[in-house]
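After this come two complexes, each holding chain A, first together with chain B and then together with chain C.
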Partner chain A sequence: MTKLVQTLILGVLVGGVYALLASGLTVIFGVMRIINIAHGALMIMGAFITYTLWHYLGLDPLLGVVVTVIVMFGVGWVVYFVTVRPVRRAPVTSSVLLTFGLAFFLEGVMGFIWGNSARGSRPGYVETSFNLGSLYIPKGLFFGCLLAVVIMVALQLVISKTWLGRSIRASASSEDAARLVGVNIPMVAAITFALGAASAGAGGAMISIMSTFVAGSQILWITRLLSIVVLGGLGSVPGAVVAALILGVGESLVGTYVSPLWSPALSIILIFVILVVRPQGLLGTKLREDVAQ
Partner chain B sequence: MSAGRVARIAPVVVVALLIVLFPVLTGNGYYQNMVIISLVIAVGATGLNIITGFAGYPSLAQGAFLGLGAYAAALGSLRVGGSPFYWIPLAGVLAGFFAFLLGLLSLRTRGFSFAIITVSFLLLVRIIVQNWRHFTEGSSGLTLPIPNWDRAYMNWPFHFALVLLLGFSMLMAYRIRRTKFGVGLIAMREDEDKAASIGINTPTYKMLGFVCSAVFVGMAGAVYGYYITFVDPLGMFGLLLSVQIILSLLLGGKGTMWGPVLGAFIIEPLNEFANNSLGGGNSRLVIFGGVLVLVVLLLPQGIIPTVTRRVTTYRERRRPGLTGSRIELCERPRPATRSDPSAPNVLEVRNLNKRFGGLQAVADCSFGVPQGSLTALIGPNGSGKTTVFNIITGMMSADSGEVYLDGRRIDHLPPWTRAHLGVGRTFQITRLFGEMTVLENLVAPLREFSAGQLNRGAISGDEAARADELLALVGMTAYRDRPTSTLSYGQRKLVELAQVLALDPRVVLLDEPAGGINPTLVERLGELILELNASGRTFLIVEHNMPFVMGLCNPVRVLARGTTICQGSPEQVQRDRCVLEAYLGDDFVLEPKGVGNA
Partner chain C sequence: MKRKPILLAFVLVLVLALAMLAVACGGETTTSTGAVTTAAPGSSATAAPSTETTGTTVAAKPLRIGTSLPLTGSRSVPGEFEKQGYEVWADLINAKGGLLGRPVELVIKDDASDQDIIVADYNALISQDKVDLLLGTFSSLLVLPSSAVAEKNNMLYITPAGLSPKIYERGFTKVFCSQQALAPDAGKVWANYIAGLPADQRPKTAAYPTLDDPFVSPVIDGIRTILEAAGVKTVYTTTYPEGTTDFDSIVNAMVAAKPDLVAQGALFDDGIAVIRGFLKAGFKPAWLYQTTAPGQGKQYSDGAGIENTEGIFYHVSYAEPAKTPGNAEFVKRYHEMFGPDPIAEDVADAYAAGEVLAAAVTAVGSLDQTKLADYLHTNGVQTILGVLSWDAKGIPTGEMMIGQWQAGVVQVVLPAEAATTTNIIQGWKPGTK
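So, the complex of A and B:
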């Protein structure tokens, strides 16, 4: 019983960080109908930046997040204008292949800069835990999840309360209508993409505390994030959060009761099952383009 | 053969011969190896061309089929034993089988979801091979027996086996492009729902396309496995291999015969360069990732199509364009309408209901279309007319209700079967296959599905003759060989009408035929519809142009809030209180003037 509860606690904590990572990906899809396959690589970049700040400058990873987020917002901005913008109106194939290529390009660049051995930010408190009877909560994981929740709430406030958020929601529901009422679509798209990259960076910061990573981890991470957004329904933020918790707990259960070797397979199998049984996901709606005119 | 043709073909033949005879011409092992790997990638890219180039499905898993083939050969010869002559064909069968499975799993996915499912497939295969240790040796990989042929042969057997496989792949691709199967795949790329509505059995085509794209790749993978004598999960199921294959296809040119081969012979030398001069690893990632981004941004069509287009533009620079020349209107006596509202129904819908979330789009809608009639379906915007069309053609399924064609219930049938039985439709905003010519668009509709059909030539003489007849009928003969994307909106409407007629349907559903085209063309279209009706064709027409509808159709069905509120002759409908309130307006007065007799 203790083992089960312990497994569930760890799963929920990890799921919280997954939720932050996946919500950025799903918001980008909602606004511009592009699946950013480079999202995993952007996340790893955030992890490396946080690691560098901690390792070389001694900045605590939980504070380093602020710098990471700002840098990654800039990276997202540049990536958007240089690569994504020209293919916004192009067929699906173009944007998929473009971001796929981008993911590998970034992986290679990071490999050159940071080398190919496993890294992780390990300030002192990471090795300690809060203990509740026979249960334990690793501090690194706990703070990481807490911060992820704070950032997600902040993002949600931006989206629901600000003028920028209204523009983002308007563009997501109908780009043409939003343009007609004067929303500056290219700017909104750029900001959305940059915000997505920033949230990926923030999630990466947490991952750098919670586990180790190499540039090549990006591919497993993007698979995990894709399975979450597919399960939640493409474009749905609440769906992504629910799906992230499901996957976090699911992986934790598989890791404990089956074998850690098979927990990466869970997200992949999930993708297959959902796309076969319910392509629109848990909380997604059928896309407009599925309906004949 | 003309001198120009010789001049164009000769270099291709020379280069092809150089590649085929490469190991005979040089004993340099480095370059021989480079050519062999290029051939492997070329087979992969030629296969990928079928599903991605023709059918438009972006598959990121092509490398998986090479890996599966290599593993089949390795496991077969180590665990069972036996000659490569068994294991290479079996590897092809295995790859085909896995492609079939993947096709089955991805049947309901398109675009993004499809890309996601393919990349997941690749990773899943890798994880299974890694973790199934007692069978596959996991990450440590398997070592294949070294070939026992005379050292004097060197790499010749590998080279020639791959040349043969590439030859077969290219022949298959060449053949597919010239059959009904290939035209169907391209139609799916352009517009899958439309393809289904003109009788193309899209799921079967998709699955078959998948299998074709994998079989030779699996065999090439097996040869590759024997060649490098070592297989491991990271080498065989690495994503970078898939990236190289995709890149070869994109760079050379999707949908072309030689593009994938040209691309492979550029990408593999680049790979060797990155490995030997730049230290491999990260530089390969940067190069291939970066080149993929650049190709998508700067050379989306690929080398061969871009060059071909430049050459064509140069050749045709003085030729006057067709656009702007007049559509031939022919003066003929206006045929009398034969529409008989009391004839038995050819098409009938009963108690249809369809809900989109909280919106009841169609509510208990019932009406019939009498045999040989020109029936109109009118009603305000949002009254559910197009939804009813979608339900009749099978693009959407109703929540409840029945659809009958010639007394046979068809609402459980897929769209292409309904097209085969005789339901043809046009769309409110025309949907033609833009990259295909007018003629190709007209021979794309299929009136049945059979295994033999797949291998039939794309355009038979009969079909071409029939297409020409239809083109003459709608006055579009001059545009026969133009891609439909270059036509104007009105011209597309005419071509789409001809396309539907090629199905020889029992009933033609026209969705706003007169919308957005000029009055002369509306007039001409009205005459055309009357003419077709006079020869016995039944129509169901959705239209907002009241003079057009009232002058042409009888009976008229009026839809409001998803329900049929009134049915009858144009005169009855125009006097009906409900209709005036819901749609026409109290002040509605129609000039007593029909189409064509002004």
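So, the complex of A and C:
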């Protein structure tokens, strides 16, 4: 019983971090209809920045995430205007191709700046746990999950309660209509992409304390994140949260009771199932194709 | 109007793809070597046809040696170490006049830890770059396909890694490994040590988590066979895929099984992750053995925490304090070129591969690939790792050493005749300052 409860605890904590990693990806698609394959690379860039702040300035990664988020917002802004904006109105396949190439370009840039040595932030709490009897809650994962919740709540508040958020939702619903009521579509698109990059950076800060990483680690995450986004419903942050928890707990149970060899397959299996049973995802919105733009 | 964004997208993709190829995947490094001072008449240096023999400095045609290494991707850490080893070797051998009187020039490609790319790279090295000789790469996963390219093109292939038995079961005649033993025997000395402990000190139970990899899996299988025969009960085994990022579930399962000993088939980040996982769970198996990962020097101790490495065992082919011929010179030059950090095992293995290649070329006196291979099949070579020798299949016939992290440095503890210390820490002691 202890083993099962421990498995569930670990799964929920990891799922919380997954939710943060995937939230930016789903927001970008929801507003811009762009599947950002470079999201994993942006996460790893955030991990490198967080590591650099920790290693050279002694700034705790969970505090350094504030700086990382700001820097990654700027990176996202530049990336959007240089590469993404020209293909924003192109078919989805074009943006997939573009961001795929962008992912490897960013990987090369990171390798050039930071080299290919493995990095990892090791603040004192990362290898200790809270103990509840025979159960343990890793402190690094717990704080990371807590921070992920805070950031996602903030993101959701921005989207639901602010004028910017209303503009983002209006743009996602109908760009032409949003433009008619005075929404600056290009600016909203840029801010959305930058917000997505910023949340990727925050996720990267979590990664920097969860494991070691190199520039090439970006490829390890994108499949999992895409499955979360598809499972939860493209464009739905609450959906991404639910899907992330399902995947986190599922991977933990499969890894413990079946085999770790099957854990990566779980995300693919979930994609297959959800596309057959409920293509719009758990909390996604089904659109009529004949009126969709 | 609709075509313009699509066209722009493809242009952007093409630009980015070219940048990707240039920066991330196809990077080629050439180490130029400069002129070679020829030998004065009567000296013992090897003369080459393209140089004068009057003692004047002339520019001899470089001897180009090609390799593709995982300088990016999942195996970039050891890949970079191997590059360093080759560069030190090229530097030292050129200082002594090169090979066959010609300066050695390394042609290094980056295979991004990808099997498809490495096949393309070695084909390019042979057919387009037209290198004179080849050197191998890191990891059995990459050696398997690349050695096949070399064999198909009738070229000698000496690899610093590639200890999977699968590599040598294909009937190839020109593939050699510059380490002492293959994977199934890599941990044998340590397993026999554990099996030979008095019954009250010997661990009763063991767990064997391993990466799904053609090298590390056989190492763990070899250890498990010996320990099970000695009565050490297996309480947990698992294989995890490459790219696994969350090891907490694996650690959780081991915590529940409570093994006295854990032997993990670990490449690098997985080894660190399991150590962290144990610490988070507050579980410390009495004995901890890991393949490969502990051999990554400072990167390993930085990742795991140097205080947590105390007592960890691993098989090792090289020890920096070793008194083998040429080692002092190698150590000195390495630190001059790459700084004061301890020398990772993969650096030395690559250097030894260069030594083996040089020995064969010098002895044969030509670049005839078949004669070079025949020489190695019938002769041992003195290297910084000791004397290396091979059987008819190219399988090394020596014995791997066992290293242990002690007080933040690696010591060779077994076998006794190769040991750099008589002290063997009895088990894993994390948190030791």
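Miscellaneous remarks
The definition used in the following text is that the second predicted complex is superposed on the first by the 281 of 293 C-alpha atoms of A that agree within 3 Å, B and C clash if a C-alpha of one lies under 4 Å from a C-alpha of the other, contacts with A are read in each partner's own complex, and residues count from 1 in each chain.
As a convention for this text, contacts are C-beta pairs under 8 Å (C-beta built on N, C-alpha and C of every residue); 3 or more make two chains touch, one makes a residue touch a chain.
What you see is a predicted model, and the numbers here were worked out from it, not measured in a lab.
Aligning the two structures on chain A places chain B and chain C in clashing positions.
Contact with both chain B and chain C is seen for A:V109 once the two complexes are overlaid on the shared chain. Look at A:Y136: by the touch rule set out above, it reaches chain C but stays clear of chain B.
Using the contact criterion defined above for the overlaid structures, shared-chain residue A:S263 touches chain C, although it does not reach chain B. In the superposition on chain A, A:L226 makes contact with chain B only, not with chain C. Using the contact criterion defined above for the overlaid structures, shared-chain residue A:L275 touches chain B, although it does not reach chain C. Greater residue coverage of chain A by touch, when chain B is weighed against chain C, goes to C. Contacts of A:I35 after superposition: chain B is touched, whereas chain C is not reached. When the shared chain is aligned, chain B comes close enough to touch A:L234, but chain C does not. By the touch criterion defined above, A:V92 reaches chain B but does not reach chain C. After overlaying the two complexes on the shared chain, residue contacts for A:T83 are found with chain B and with chain C alike.
Residues 83, 86-87, 90-91, 94, 97-98, 100-102, 104-105, 107-109, 111-112, 116, 215, 220, 259, 261, 264 of chain A lie in contact with chain B in one complex and with chain C in the other. The touching residues of chain B, when paired with chain A in their complex, are 52, 56, 58, 60, 105-113, 115-117, 119-121, 123-124, 127-128, 130-131, 193, 239-240, 243, 246, 250, 281-293, 296-297, 300, 386, 390, 395-396, 427-429.
By the touch rule above, chain C contacts chain A in their complex via residues 5-6, 8-10, 12-13, 16-17, 19-20, 22-25, 71-74, 76-77, 79-80, 112-113, 212, 238-241, 243-246, 248-250, 252-253, 255-256, 268-269, 272-273, 276, 279-282, 299, 302-303, 305, 308. Contact residues on chain A toward chain C in their complex (touch as defined above): 2-3, 6-7, 10-11, 14, 83, 86-91, 94-95, 97-98, 100-102, 104-105, 107-109, 111-112, 115-118, 120, 122, 126-129, 131, 136, 138-141, 210-216, 220-221, 251-253, 255-256, 259-261, 263-264. Interface residues of chain A facing chain B in the complex, by the touch rule stated above, are 29, 35, 37, 83, 86-87, 90-94, 96-98, 100-109, 111-112, 116, 215, 219-220, 223, 226-227, 230, 234, 259, 261-262, 264-265, 268-269, 271-272, 275-276, 279, 291-293.
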